[in-house]
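There are structures below to look over.
Below, subunit A partners subunit B and then partners subunit C, in two separate complexes.
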Partner chain A sequence: MITKEAAPATPAPAPAAAEPPRPVRKKHRAWDEAPRWQIYLPLGIYLLFTLIPFYWILLFALRPAGSTSLVPWPMTFEHFEKVWTDRSFGTFFYNSVLVGVATLIMTTLVALAGGYALARFDFRIKRGFMLALLCSQFVPGALLLVPLFEIFAELQMINSLGSVIIAETVFQLPLSMILISNFIKNVPYSLEEAAWVDGCNRFRAFRVVVLPLLRPGLIAVGSFAFVHSWNHFLFALMFLNNQEKQTIPVGLNTLMSADSVDLGALAAGGIIAAVPVVVVFAFIQKWLITGFSAGAVKG
Partner chain B sequence: MAQAAAVAKPPAPPRRRRASATPRRLPYLLIAPAALLMLGFIAYPVISVFYYSLQEYNPTKPWRNGYAGFDNFVHIFTEDPLFWDTLVFSAKWVFVEVGLQLLFGLALALIVNQTFVGRGLGRALVFSPWAVSGVLTSAIWVLLYNSQTGITRYLADLGIGEYGVSWLSDTSTVFPAAVVADLWRGVPFFAILILADLQSVSKDLYEAAEVDGASRIKQFWHITLPHLKDAIILSTLLRAVWEFNNVDLLYTLTGGGPAGETTTLPLYIANTSVESHNFGYASALTTVAFVILLFCSMVYLRLSKFGGESK
Partner chain C sequence: MKISNRRSSTGGRRAPAAVALGAVLALTATACGDDGSGAGGDKGAEGSGKGKIVFWDNNGGVRTDIWKEVIADFEKANPDIDVEYVGIAATEYQSKVDTAIQGGGLPDVGGVGAAMLAGFAAQQALDPLDDRLEKSSLNGKLNKDMVESLRAAGGGDDKLYSIPTSANNGVLYYRTDLFEKAGLQEPTTWERFYEAAEKLTNKSKNEFGYTIRGGAGSIAQALDAMYGQSGITTFWDSSGKKTTVNDPKNVEALEKYAGLFKKVTPAADLNNDFTKMVAQWDSGTIGMLNHNLGSYQDHVNAFGTEKFRGIPQPTGPGGKRVQVSNPVDGLGLFKSSKNKEAAWKFIEYATSHEANSKFNESAGQVPANTDAAKDAWISKAEPTKLAAEALSDGSTTIVQLPYYLPDWNTISKAENEPNFQKVLNGDMSAKDFLDTLAEQLNEAQAEWDEQMG
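Let's look at the complex of A and B:
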């Protein structure tokens, strides 16, 4: 697909110069001149690959059991009703929301504090701490299941959502902290200093001057934490044995590992699992690109 | 962005001392919550894994528990064919997944970086599987692959293939079937990261290249790709570690089967600890996996000259 870019440029005088100060928006003209079909054809093919699976699950969720029609008509909501009440997806949904929101809040707050320290101070253990953050990226959470289980058993937190919230937060933290510290580094220090001169203390200066500028970054990090914990499966599977406490991914897995899979129910459960992340995603998509380009990958 | 960071860097200690309200303990207080959480729930478990790896430890056979020296490790390397099988499969899985995801992700990012009608919608749609979980991805592809009402039935209606084929239970098709399912979810990750990095390519370079009459393919090789190099190295590395460690998708899609055909090393470890309760042996396997990962990552960073020259 890369060779799509191979066509010789047909250089046309770019109609720019009129749109100065928004660097993110500006496009490289040379790339703008690709013939339209070179954009729409590969994009269209890829979109088919992306969308057919989504369509497939919608189809199964909305058409009556046993139907083989390729359009969901007549439409039925029987699968949703069954999954939501009989298969306890209502409870799972509530638990997942709780875990997701709590993880979001904890991750953002703790990472914000740590990220600020990393961005603005030199202190003795800073290098070691950064190294630990990076190394922790190689630690597979899945492989720590047994010791983590023992810790939570010791803390009497098995079967409580708190265990999952803590575990999700901990494994989100390192990357979130590195990202946030990069975002803070991009805010000129002089802005804060100016606020101190005006009589703000450090915290107030941070809140008034820095925090508003961090919005895209915080949205990216927070939504990351939410989506990850919403989607993550192993911790909930391991630490929550009680059906009342389980989360949506565990519920989906239960549906899938049944002896004869109820495909309609599975599809409806999948839609329920997808809706919140799709909503979050549609909302943050714009910030995601700017959030990342603001220094994420560069570290 | 590099410039911004340079500006922001506090120049010298004396300036900071002016903020008299700032006690020297402040940075430590700020990192304390994160540090404590990570010590308790990452460092301590890691250490206990190392500790258990030297133990015979199986809650269902407590009479045999005790110090085992390097027995577990000796067993792994000399008497456990499953270790080698799953390690090889892990390598194959990671290599194929990361390679294909990078290729398609790069192409996709270059395409949606162009200006065209419907770009916003196009981006949102092609990126959307990124947010879908491994379990949900499995659910979707189980629906697509199932032998009765899956995609093969409709293909057979069109005269392609046969009825009743299940790609996930046939050892010859299960690997590509799982790869495609994971690609569906994985490509957007690369596309998003690369697109983000593309925003910071200086357009002056392209202008200069155009003045010099460089073709688009030359511009790609000499401007775009060098610019993306660090981002590509870092994202492939993170992704490789992630693909190696992540068990959600394979666990729920194939369960490691059929006939152990799609069992990765972490999946094998999870089975060893969860199903056979052999914690000591699972810990030794974990330690080995961890060392392999760390070693491969360091070699990769060294070979790819991360952060070197091009900047």
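Let's look at the complex of A and C:
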């Protein structure tokens, strides 16, 4: 197995002959001349279209049971209290955080190692391996439920959060590995070589030189893994029986019975489920967009 | 330049090794579940009648509290038995059990209603309960119709695989305040129903006479309205091989019923499952709603008990009330159970007078235990009382839907719900819809007859 050859350093272009400075011309943009309302009206309509469902959830969660008011007044938190304590959403929330964080850590670590290998080494089955990674994305989780169930039963891991964490990690890995390998390809190989020349071994060079440059990519992959496992329903439903081990999506599902539904509780549960995802995205959106666009570049 | 990747140092190995070890330890620490044994083919064992049993509730969530109460009472009466309760949402129950039948991890006892019974029995996942019931103090104490309904739904071998706990029934909910204001009579007949639906509709004010179920679950409701109007009392003709769903009287009834869509109902009803339908009725100005006993409490929360009533389905020709069967719910003993004696004790207790009464009072359903059905709370919950009366006083003929057909769920849901939406939209005639449905049902019945020999 060999590493890729480093690309020869491109000589810097010779500085152009001194020219008189050109006057800076502001780029002409069509929207500079458009009336403000033409910009804000469509945006406002789109925003309304997006926010009305959220308002509706808030309305049901905050207004008393039986109220048909269109504003959440008088405001009540009875639905939140009900789902958090009576319906064990406190426990579900804790379990979901545990599954989400563990999946995030495991996915990121394994994807880093695999992505590095894909980016920096040439090996015989590399193309086939990449193809297999891509193809694995076409296999729906439901198709593998019974085999996975049997494997976890053999390992005595049914009714254990570990089974969900492993299954989520395995399903997250292919895409994460491909993304991370693309991020790593974008980091010049010469930087690592320079670190080796300075006495670093491969791991240290990776940790000190490459890893800091991968921050947007790691955030993108990690958050994607967290959000996906936070929302994922099927594995938690199938592998976890004990009420004390169940996660938020399964808990939400139990708020709807065969012929009755408590909409206030369902809305409150929905908000509890959505808040962590919204908070995560609010903090990381800058890196997330950078990360995904960088990862999408073919190396 | 080519560099071998073998170049590494001790420090380079230490960190990945630590990470791998940490991950393994973390996973080992979390891996402390059961062994998931108990697949569909296991024969199980009687056991000692003591120890732990697992119970899967087929309608977990809303009924979790009452089941936990029943379980606590049972454990008090049987201190040697522990029951682990697992509440599973009704929508996911079948897939969870099917996965466990294939992969292992079945419980000892599970909720097994008529709609799912044929599938589980066909996979030989359930123990027949006839002998146990015969020797039990429950014998003769359970509603005979419910027992027979579950026996018939079991797949044709005339064995009882589920002990009934409760029955649901179709209810016509109507807004008494709106009826009073419009000077309308109670919708006890189909004529009055159609008249009220029209008179209560004022689209400009967003007021509608009725809300129709056009989404998930639409077929059973449409069949209920259809047989109720046509007065046909059997699902199969005298040969037992051809269904009556496409009888001309039923076609006429469905045309009339589907004609209500958009005329006296909101246009959004096209995608109504029960959740949307009930929420719409509870929060809007709609005169009538067809649903079952299960949503009674939701309506009480929305309106109190003063502004609405829940009555049995309207009567049809000649004052006869005909309605389709609602699935009877029950408890089954899984064949793979290693502690069947304790599991049966739990089933016996849960369907006993005291526990069955307590459960059904909370669930708002008709109790299967005949003593429980005489308890005082029944007369206080009006729709339950009326439903119990309608089911037992001979005023109602029940058209038994073929829950025993393994294809029933597919035919009545995935294959025909989209077609019913076409009927509502006017893109398909009621006759074509019912002919297609009849063809599929006749085929499924022929296959079933062949399998049964």
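The working rule: the second predicted complex is superposed on the first by the 254 of 299 C-alpha atoms of A that agree within 3 Å, B and C clash if a C-alpha of one lies under 4 Å from a C-alpha of the other, contacts with A are read in each partner's own complex, and residues count from 1 in each chain.
As a convention for this text, contacts are C-beta pairs under 8 Å (C-beta built on N, C-alpha and C of every residue); 3 or more make two chains touch, one makes a residue touch a chain.
Worth saying up front: this structure is predicted, and the values here are computed from it rather than measured.
**Q** Let me test your reading of the model: by the given contact rule, A:Asn159 touches which partner, first (subunit B), second (subunit C), both or neither?
**A** second
**Q** In the superposed arrangement, does A:Val146 touch subunit B (first), subunit C (second), both or neither?
**A** After superposition on chain A, A:Val146 lies in contact with both partners, subunit B and subunit C.
**Q** Spot which of subunit B and subunit C makes contact with more residues of subunit A, would you?
**A** It is B that touches the greater number of subunit A residues.
**Q** Quick one: classify A:Gly114 as touching subunit B (first), subunit C (second), both or neither.
**A** A:Gly114 sits against subunit B, while subunit C stays out of touch.
**Q** Have a look at where A:Asn186 lands relative to subunit B and subunit C in the superposition and call it first, second, both or neither.
**A** Touch partner of A:Asn186: subunit B, not subunit C.
**Q** Kindly classify A:Ala267 by the partners it touches after superposition: subunit B alone (first), subunit C alone (second), both, or neither?
**A** The first partner, subunit B, only.
**Q** By the touch definition at the top of the document, which applies to A:Asn201: first (subunit B), second (subunit C), both, or neither?
**A** After superposition on chain A, A:Asn201 lies in contact with both partners, subunit B and subunit C.
**Q** Quick one: is A:Asn242 in contact with subunit B, with subunit C, with both, or with neither? Answer first, second, both or neither.
**A** The answer is second: A:Asn242 touches subunit C but not subunit B.
**Q** Quick one: classify A:Ala258 as touching subunit B (first), subunit C (second), both or neither.
**A** Second partner only.
**Q** Using the touch definition from the top, say if A:Val97 reaches subunit B (first), subunit C (second), both or neither.
**A** After superposition on chain A, A:Val97 lies in contact with neither partner.
**Q** Both subunit B and subunit C contact which residues of subunit A?
**A** Comparing the two interfaces on subunit A, one with subunit B and one with subunit C, the shared residues are 1-3, 5-6, 68, 113, 120-121, 145-147, 150, 166, 193, 201-202, 238, 253, 255-257, 261, 263.
**Q** Under the definition above, what is the set of subunit A residues touching subunit B in their complex?
**A** It is residues 1-9, 11, 24, 26-32, 34, 36, 39-40, 42-43, 46-47, 49-54, 56-57, 60, 68, 70, 110-111, 113-114, 116-123, 126, 129, 132, 136-148, 150-151, 166-167, 169-171, 173-174, 177, 182, 184-190, 193, 196, 201-202, 227, 230-234, 238, 249, 252-253, 255-257, 261, 263, 266-267, 269-270, 273-274, 277-278, 280-282, 285, 288-299 of subunit A that touch subunit B.
**Q** Where on subunit B is subunit A touching in the complex?
**A** Answer in residue numbers: 1-2, 4-5, 7-10, 13, 15-16, 18-19, 21-22, 26-28, 30-31, 33-35, 37-38, 40-46, 48-49, 52, 103-104, 106-108, 110-116, 122-136, 138-144, 146, 149, 151, 153-154, 184, 192-193, 195-197, 199-201, 203, 206-207, 209-210, 215-217, 219-220, 230-231, 234-235, 238, 241, 244-248, 251-252, 255, 266, 269-270, 273-274, 279, 282-283, 286, 289-290, 293-294, 297.
**Q** What part of subunit C is in contact with subunit A in the complex they form?
**A** The touching residues are 1-5, 7-9, 11-12, 15-16, 19, 23, 26-37, 54, 56, 59-65, 84-92, 95-96, 99-100, 102-105, 107, 168, 274-275, 278-279, 283, 291-295, 297-298, 301-304.
**Q** Within the complex, which stretch of subunit A touches subunit C?
**A** Residue list for subunit A touching subunit C: 1-3, 5-6, 65-66, 68, 86-87, 102, 106, 109, 113, 120-121, 145-147, 149-150, 152-153, 155-163, 165-166, 193, 201-204, 207, 237-238, 241-243, 245, 250, 253-263.
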